[in-house]
Amino acid sequence: MSSRNGKLTGIFTPNLVPLDSRGDINEAELRRYIDWLIDRGVHGIYPNGSTGEFTRYTVEERRRIIKIVCDQAAGRVPVLAGAAEANVKETIAACELYHDYGARAVAIVSPFYYKLSPESVYAYFAEVARHSPIDVTLYNIPMFASPIDTPTIKRLAGEFERIIGIKDSTGDVAFMCRMMQAVKPIRPDFSFLTGWDVVLLPMLVMGVDGGTNATSGIVPELMRKLWDLIHANQIDAARDLQLRILEVFDTMLFSADFPEGFRAAVELRGFNFGRSRQPLSDVQSIDRLALQRVLQCILADFGVVDAPSEGCVPRTGNLERDKVMQVTEAVMAKLRRRGGA
Amino acid sequence: MSSRNGKLTGIFTPNLVPLDSRGDINEAELRRYIDWLIDRGVHGIYPNGSTGEFTRYTVEERRRIIKIVCDQAAGRVPVLAGAAEANVKETIAACELYHDYGARAVAIVSPFYYKLSPESVYAYFAEVARHSPIDVTLYNIPMFASPIDTPTIKRLAGEFERIIGIKDSTGDVAFMCRMMQAVKPIRPDFSFLTGWDVVLLPMLVMGVDGGTNATSGIVPELMRKLWDLIHANQIDAARDLQLRILEVFDTMLFSADFPEGFRAAVELRGFNFGRSRQPLSDVQSIDRLALQRVLQCILADFGVVDAPSEGCVPRTGNLERDKVMQVTEAVMAKLRRRGGA
Amino acid sequence: MSSRNGKLTGIFTPNLVPLDSRGDINEAELRRYIDWLIDRGVHGIYPNGSTGEFTRYTVEERRRIIKIVCDQAAGRVPVLAGAAEANVKETIAACELYHDYGARAVAIVSPFYYKLSPESVYAYFAEVARHSPIDVTLYNIPMFASPIDTPTIKRLAGEFERIIGIKDSTGDVAFMCRMMQAVKPIRPDFSFLTGWDVVLLPMLVMGVDGGTNATSGIVPELMRKLWDLIHANQIDAARDLQLRILEVFDTMLFSADFPEGFRAAVELRGFNFGRSRQPLSDVQSIDRLALQRVLQCILADFGVVDAPSEGCVPRTGNLERDKVMQVTEAVMAKLRRRGGA
Amino acid sequence: MSSRNGKLTGIFTPNLVPLDSRGDINEAELRRYIDWLIDRGVHGIYPNGSTGEFTRYTVEERRRIIKIVCDQAAGRVPVLAGAAEANVKETIAACELYHDYGARAVAIVSPFYYKLSPESVYAYFAEVARHSPIDVTLYNIPMFASPIDTPTIKRLAGEFERIIGIKDSTGDVAFMCRMMQAVKPIRPDFSFLTGWDVVLLPMLVMGVDGGTNATSGIVPELMRKLWDLIHANQIDAARDLQLRILEVFDTMLFSADFPEGFRAAVELRGFNFGRSRQPLSDVQSIDRLALQRVLQCILADFGVVDAPSEGCVPRTGNLERDKVMQVTEAVMAKLRRRGGA
């Protein structure tokens, strides 16, 4: 399912990176995590994306992450390797290396820090496309990097066969439709992947080819089920599941600075991801524990993890309140147990 | 179709207002326009919306518009009357009057000019809801007015039965899903209408009840057909039509300051809407003529208007270039005809 | 000082409007307030500005406000009358009327609700300028209305003598400098007024002619003193005062939805302004009382009001914390008094 | 002047980096440039800032740049070394190294790519401050990186003596005043530097200590003169110069994606900076030549470069038009000379 006539399709997981107690890449845990994802049905792996905190690693670490993931995937699913580096020359060097590692394609985020004009964004990707030995996917994420507008996407798709798709993280369905209307007539082979998990169903209805969805790194079985329901044309069941996934995604997204909520969640699945490269204040560390308790209750409703032993109180949809309530319930339960002893 | 258990459903047309040569409301043309819309299948009329330029009329004119529309609709379709005035007291007076005129409900835009906090937005709508004799629809359009956030929508829906729905013009599918997840459990009767024409299909797939779509004021037959295709579960045909409607909508939206592109378009359907209340510069007047030619070519492809006698050249999707090309073609055709004479 | 070769100069007060117990304009209190402002040295009055909540009044009320203010000012200081109405025709009618009332000039906010392009903004003001019998001041406030960019200001200033100045509320010193560099060479008589109270000193240093400052409606003596210090070239003293005024302005601006913080403050000067047209929720009403206590402590430091009888605790600069602390102190003081009885 | 009781004061130049024909750092030219800047009176050098395109270099290159600059400055002026790396650990390593190189302090930009909350920004800087052996300056540039808000600045300044100042590139005078009011009472030794060249005078009037101004890398003699005029209390002359510098800055800033306009300008001063790491499209390369011609005319008015041999036509202030006109004039002059031959 993940490749059809060479097209990128399906659910690609932008994987988080586990760290050990010294803050270094935990290779064994990363390999175990990749296996776990593939076993639960994701169609591809996307290391060094925003979820994978690529900017917080050194050049050497970014290379090592791709090497490990490609090696562990071992051809079972395609690897879409994030390859953006400090400048065009370094990025092309990464493309060459990841090609050797066996990645299916690279994903290159639009230049960031500086907010570049469309002409500069074009010049950057054109230069990469001219020299890359591996297929290139544009990565549009305007909340973090220079936007890639529709005319620029059309121009790049029209000029460079090497550019084979776009990963878009705006979540803007109308914008994605505009892109598809502009590009599909000239490049029917072009892949459109959405990075906004909560609109995967409506995006697929409108014709995209798949998603690079951080939620699939936490509940791969649910995202795969959503994909299967849609492709079995069970739209009502798909909608119900999509709307329930909204709570999972929003809780992880709005609970902490991205992607810390996803790091907190993945630990509930039995992995040890260690402390993030971005330090947490004391207040944030306490808040993270409360968040994990809420997340455990949400995930328990799906049956993918056990509920806390003290049980869960109903959620209100107000995250701050829910965190207080779930934690209060946990403390009360402990007191009750002590009182009963 | 337009009302199910009292719920607002279907396509509501936010009607433009025709003016006569003195700049006053052209009542005869407005009545003819309303008939034309109803004949082509729209499920309701929504006067005094943003498309209807309500802010550019006097209090007396706004009242007259509602009176004419209610009178002309004559119960054939429900009227959702825009009722926002300068302050709560004036707004409530409009609610009372429009109730007398026979409107089905009012739509009240969130306070504008000042950007108000959620607490103030709540206080405003709560006060209106307490005194309105007619059902109230919240109108969320953050690009023009104070945003109504999801907790506030939930709070208002939970406290006031008088508030029966929301018209949302963000076009943000994820936001609409969040709203529905928050409100439907406590108010299954609540109506969700989207004001963003290019995502009507994905919004309906996710569970909204209808749309208030300016495009239905220009091509009512197409928007109605889109609605019917969706409800006949012909998703592929619906998607194709939705994606083609994108070009119509974008051309009208991005060609001129809203809603002048829609005014330019409706004239192609055989109506005389006169000059807008917002003056055009000389450059804008010329540009409007070029736009109309492009729009005529787009609409001719749907078979709802005749193509220009000189024919149409293929469109590039670049509006400015398309305007130049269509106009150039028209001039060339005229020169050819003269040369041939 | 308020007029030099006809130029608008000095501190213009954008006056708040007092309401009576029925919510109607309190004419007697408004007249008393205007006298009080003039007695304390402001150079002009600017009714129907954003501070004056012009959008929350009816057409008739807006007219009455200008009439009262012109009548009460009685030539002692010039009146700059806010004259924006629903459309060009209505705005021109207001210009004519306010000319008859004796206003020195009108101030016309850029069209709002719709966000218009520079070409439309130009067309609007050009049409007004062609027909107005009274001098026109452009009013640029991009946070609420369509922005007026520098090329448009230059174009309007170059074409219409009737347009004599601009009131800018961006607070952006660089933007104001760009405007002055563009306009002064072609219109040395053009007035530049800043509506951002906390940068009055740096703006005056860079060459503006005055300000329309809401703070001067609360502490007219302090804003006048700031003006006098600058013109006496006492820059160090002026800086100290300007920086202290920052706390007054910020507390009023960030404490409540504008301009409610200013309404809360003016009552401390001995006026009864009644309840605003925008309703307050219960939470907001309580919060307003806490705010007034903080404001009383701030203003007492300047000696313009008495400190609360219970005294003031030191402020932290964190408004929410300060509100809690001042209110706590007040309650404690009352308890102490009771305990001592 | 550049250091008073250890405080950072004066004009620090955020230096551009010259590249050779292979795209590598041109060490000889960089050393010559640093000498040239110091000879023309700048008070300090600030390598690896945004102007210095630090994100476009490798870790090794960033280190080399600091090493060269420190070595060449040789204690004549202090070096403020940009030290932000991929994560806290790497950033601290850079602090240690730059301390050894002899930098006076480091400037650390707030984390970028991800938009972090104030609590995360605090945690990041707190961790750096705890371990840095060299004084740390916060670098706030919200258009590119996570904003550092006033409460966070106050918190960091209050807790860590190691943090000695802030470089702010918002250009927002009111924001800078708020910062100073919050921090100066608890840290009178704290330095406030503005990175927004066009408001240096008003910022200094309000009490900042200096600037890190890219314009001083192009016309160091003018920025130094502005500084001297202000400190000689010649405010009128300072204002005139500041307003003229506006044209220089705006032309460089708005003519191309930052900092390419500054790269184009510095070449007019007799340096060879080579091609930027960010590729230019063909259109951009042509546009850059036109820009240089306009810049040459602007700088010639100050007498710091010769006017083009063909002369300059008056500028309109509309950059695109000015580029066309200056280039047209140059071509015409060449044709005239040929015609005359």
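Observations, loosely collected:
Chains: A, B, C and D, in written order; residue numbering restarts at 1 for each.
By definition in this document, a contact is a pair of C-beta atoms (placed from the backbone, for glycine too) under 8 Å apart; a residue touches a chain by one contact, two chains touch by 3 or more.
Since the model is a prediction, treat every value here as computed from it, not as a measurement.
When the contact pairs of A-B are matched by residue number against A-D, C-D or B-C, more than half turn up again in C-D. Averaging Cα coordinates per chain places chain A and chain D 36 Å apart. Centre-to-centre separation of chain A and chain C, using mean CA positions: 49 Å. Counting partners per residue, chain C has no residue that reaches two or more other chains. Judged by the touch criterion defined above, the protein chains form a single closed ring in which each chain touches exactly two others.
Chain A makes touch with chain D in their complex at residues 23, 50, 55-59, 86-90, 111-117, 119-120, 122-124, 126-127, 143-145, 257-258, 277-281, 283-284. Looking at the complex, you find that chain C touches chain D at residues 151, 154, 171-174, 177-178, 180-182, 196, 198-199, 201-203, 205-207, 235, 239, 242-243, 246-247, 250, 317-318.
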